[in-house]
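Scrolling down, you'll hit the structures one after another.
After this come two complexes, each holding chain A, first together with chain B and then together with chain C.
The block that comes next holds the complex of A and B.
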């Protein structure tokens, strides 16, 4: 929604919709905070201080790494008018495959990490493409199938890590620690090479969207699917490719968390922070436009990192930040026709 | 194989069907008036939460059910007005609503009760069961219904009632007209937006009931995201049933049976991580099979079927 708005000559001063939406969410969230007996100004100050102060910035970036990754993963199908709701399952598959490869592959350190990352992306990408295949060949709407496929994937990963691959030393539902050599290199503090990988993925997505034929064709599909088909775009192949890329990025995010911060696949650990849903909301906020998606992802990451500080300093639970995100999306969808597809 | 179909299995299947069935009825109604409602999941969750809160404060299951209905109806206003008066995108609004429901219930759970994850309290009064000993020994039907909540009975009664309203009354005719030919309906003096708003709010009430059954029916707890995809399975049931309440009920029965079987398989010693996935796998399989059948039955129209899931034309944003 940013692109057409910017292109249209301004008749009069208009407040940017995103800013209005954030203000609206802040007010509704404030009412919610007041109703639960706390001071909203204090809450918002804690969110700001806890995310953007110099000391907190590395934590924000660390949180932003998977979130922006999942945002880009959601943005790619969205750009073509498709929605991938199965990010959770794809991320779990990526994480598990990365852990298995890093544990079992007898390769020297960095090679094992790279192989684990690629295998994770491939496995998760193929699983996501299954949803696209279901739509083109079996008439199952992707919106539904991508989500429904997510539950078996999560259940299966959970089973694998609870029974065949359980770490017998700790007895917890997690795999063994992956060897130190196969982990992602640390840059500073909590940050590791994973952040650079996500930056590279985001840059590639932006480039492909703006400069490459595939990006142009995908945008065309998003604006008018029938016209894209009429113009010679192979719609089935395109859907598979978009979903594969989306799933592959989601899988890479799972692998980055496993190889970079957790060092093992822990049952449920990838899904609890709900990167998938925050990422999807960031992508929706920008209507799938990659630069806007990255900015929105960074914004949501700051919001959530600040949420931890808020929870620490006040009595307000940090899940409030998820409520704020949902209100922003709803406000834009209702008031400014976010996501309304060209007929 | 015969010892697999036990009275207990059928009873738990009927229990598992209720929330999905109610949500599928809600989805069918919305589909009929041309609103693609995938916010069923969020509405169930809001209903389940409101039911537990009211039940524990008021010490009354009836109060819980009433609160669930009211809360889900209020929550539905977002879609009711957002999709009609404001002409927002149905799918994006619904995704936003699902996430809002998930966040809001988790937030209120912490603020009101100071717990996260699962909330159970002896103060929560669960729904009473209507026991009919007379039908206890009738195979299948009797096994299923001899001891169920009033919500379950209501759900099956509503299947009949809503079918009658949709296909046998003038109101139902107008409802279907609003979905199939909004312009024609408008010309005949039917208030299209009004019908859509009223239907979405009524669907909210049905989802509220579904939520109440979920949190006060078999158990009396609220767990975060306890709807666990049931709203989405209901969406699939609507598609399989082509927005016909009776056919959708059939699809729901299939999923309920799969759910109950998964509990049974757990009893056989299979890990629950594997058995829990069976309803989703059955759902996906049913979608594939139904599409195959449809292909064989009507080859020329296959293209249209693929374009409009559920057989009802996907709602287009009014551009009048």
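The block that comes next holds the complex of A and C.
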């Protein structure tokens, strides 16, 4: 059934929903700032200057590296309609394995770093795949198992650095410093090669999503799992592979922090900034679409970095940026939800 | 002078560039059974959604008993005395019959549901309208025919005076269908008005008073059933004359290409499929008849590999595929048109190109190495869209906006493109109009004439009888009968479908 072109109604110009959501969040946040007796324009200026000015940009990118990494890690299963809530545990495993390999492997520096990174990705990937295996073989929902598997992993890593591998020199729950030769090369300021690794991972994820057979099959699974199964996609293998990739990226993020910033595994240090959850929110906002996920991840990283600056420069606590982030998400989620029901 | 119960005047509804309803006028008299007919995509569903308040018209008015009505939602329509029985039932399977019927309008005593009053009212209502149901039965355990009665009772409980029945006979046995017609006549005699959406000509001729025919969103004909003929209605629906029967030559039968040997799905005393054996040979269409829910779906899933059978074996083109997954069985030679084109046979949010590539994504020309070749995928999709006459803007458009017939063409185009020796077609024309049905039927016969083995699963007896060379009947997981088409007729098959082998033999 085709209608003449004359019947086509004029398409109204629509502002992108993300822009509306950010504007709305800025207004609500501004009201909160005014209510607390401060100047909202000053607050927003500090956030912008503290995240996007030339001096602040390296800090933002340094914060964005693990956040975007965790966002991509969350996006991969999400693209196929699955969810990995165990990023914290996988990141901890990756960090610990990287530290152990870098400390113990008698290899020349760069090789030790590469080996540490790969071992971290492998270990965390296998641990994440365990959740997929539990679902396909034993019917344990991945939503539950990926999260629950996270806690013993965190606890185990914590035990290892408190007892067998504790650095006796400092007495703190952390490993010894890894040798300088096994650390990731510095680019400038706080930035190191880890950022380039995450860029490469994100580019690979975007390319595979758009062009590769695995990307096609995962995307179609996300749109209709039964259709993919009917078309001959091996759903069990696919779930394992998606979770392995997700966990491996999370493990790599943990390794990059250990090898590039902390230079040792410090109990809890990987988890305090909540990269996993910021990353998951970024991926959810983009519905697992990798380009959108990266953009959302960068936005959250800028907002959070700007928050630290605002807290330093004004009397407004950085919690404001978390409020802004929450309002953006809520507003976009509402738009999504309503849009879908209308369709 | 008959009283007009419901009128649509100049209703227009657009979806983007698509004009789904183009100044539609509909007038339904009180107490009549009024058929709304049309091919898929003619705008019947859109019109019904507008009448029932599910969608708002872009232009035009709805008049209810002469007064203009504005339904903002189905709740408004229900309050105004409308009731709709959808094709897919909207029931709570885990609740009892009476709970489903009184839902959201429970008789109360204080803050609690007055269960006794509720049960009594449901029983009274069922008796008065001769819709036999057990108020305490659990809906999940009931047959499709009984569930439909519950849907009708639900509408009557809400005091509906206008009933919209959307393709109500698609899932019924001939006997159940006749029962439904009795109920419809009784309701009309009581002064209720019935809008009957259907594709089936003989049903329209049997039960309706008047017919409104839609084509391309416009009303093309208003007919008195008594004064018209099936041929005239078809001409109005399609704009051309269509042959009602299917023409085909004698079967050139070869070796068996699809075999099931004592296939069993499920355990316990009553497995879903109970030691079913069948063989479909090259060059024949084998029809599997049966009321929905008698194990056909499970049997098909076990044949195509979506489910591993608990015992028994499957052979495709001589190869044992009992332990194989879907991909391996497809490679061995199965193409499969699934029962539910929207839930299984396609991804509605994905483009036509993506939908048409499924199952081909791992081999050239769609695949190039580990990548998908977008140009080849698009070219292939365009070729299939043209060959099968799918009405779609472009291969990049999502298939979710297509009408049922066009979506089914996408599914059939993809599966036939496999050129597989075995074709399993499950309810291939369910909910399709005459034109699309005829098209699919021609494709199935062409496959048979190419020497392929076709297994046709259908609840539609006329379809089974028209297409099959051999007919099997499935009842409660077992295959009850295997007969040449020439020995079968609607009555025998109907009795076998109800499990009455004795009566059928007599």
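Simple rule for what comes next: the second predicted complex is superposed on the first by the 323 of 343 C-alpha atoms of A that agree within 3 Å, B and C clash if a C-alpha of one lies under 4 Å from a C-alpha of the other, contacts with A are read in each partner's own complex, and residues count from 1 in each chain.
Here is the rule we go by: a residue touches a chain if its C-beta (ideal position, glycine included) is under 8 Å from a C-beta of that chain, and two chains touch if they have at least 3 such contacts.
What you see is a predicted model; the values in this text were computed from it and never measured.
**Q** Using the superposition on chain A described above, determine whether A:281 touches chain B (first), chain C (second), both, or neither.
**A** A:281 sits against chain B, while chain C stays out of touch.
**Q** In the overlaid three-chain picture, which partner chain does A:145 touch, first (chain B) or second (chain C), both, or neither?
**A** So A:145 only meets chain B here.
**Q** Just checking: does A:230 make contact with chain B only, chain C only, both, or neither of them? Give me first, second, both or neither.
**A** A:230 sits against chain C, while chain B stays out of touch.
**Q** Does chain C touch more residues of chain A than chain B does, or is it the other way round?
**A** Counted on chain A, the partner with more touching residues turns out to be B.
**Q** Using the superposition on chain A described above, determine whether A:330 touches chain B (first), chain C (second), both, or neither.
**A** The answer is first: A:330 touches chain B but not chain C.
**Q** Check the residue A:212 against both partner chains and state whether it touches chain B (first), chain C (second), both, or neither.
**A** In the superposed model, A:212 contacts chain C only, not chain B.
**Q** Sort out for me which residues of chain B touch chain A in the complex.
**A** Chain B residues touching chain A: 38, 78, 81-82, 86-89, 91-93, 95-97, 99-100, 102-104, 106-107, 110-111, 116, 229, 232-233, 235-236, 239, 271, 273-274, 276-277, 280-281, 283-284, 287-288, 291-292, 294, 302, 305-306, 309, 316-317, 319.
**Q** Write out the stretch or stretches of chain A touching chain C in their complex.
**A** 1-3, 5, 7-9, 211-217, 219-220, 223-224, 226-234
**Q** Could you please specify the touching residues of chain A with respect to chain B in the complex?
**A** 32, 36, 83, 85, 134-135, 138-141, 143-145, 147-149, 151-152, 155-156, 158-159, 162-163, 277, 280-281, 284, 316-317, 319-320, 322-323, 325-327, 329-330, 333-335, 337-341, 343
**Q** Using the touch definition up top, name the residues of chain C that touch chain A in the complex.
**A** The touching residues are 14, 16-20, 22, 41-43, 216-217, 304, 306, 325-327, 330, 336, 338, 343-350, 354, 357-359, 361-362, 367, 370-372, 374, 391, 403.
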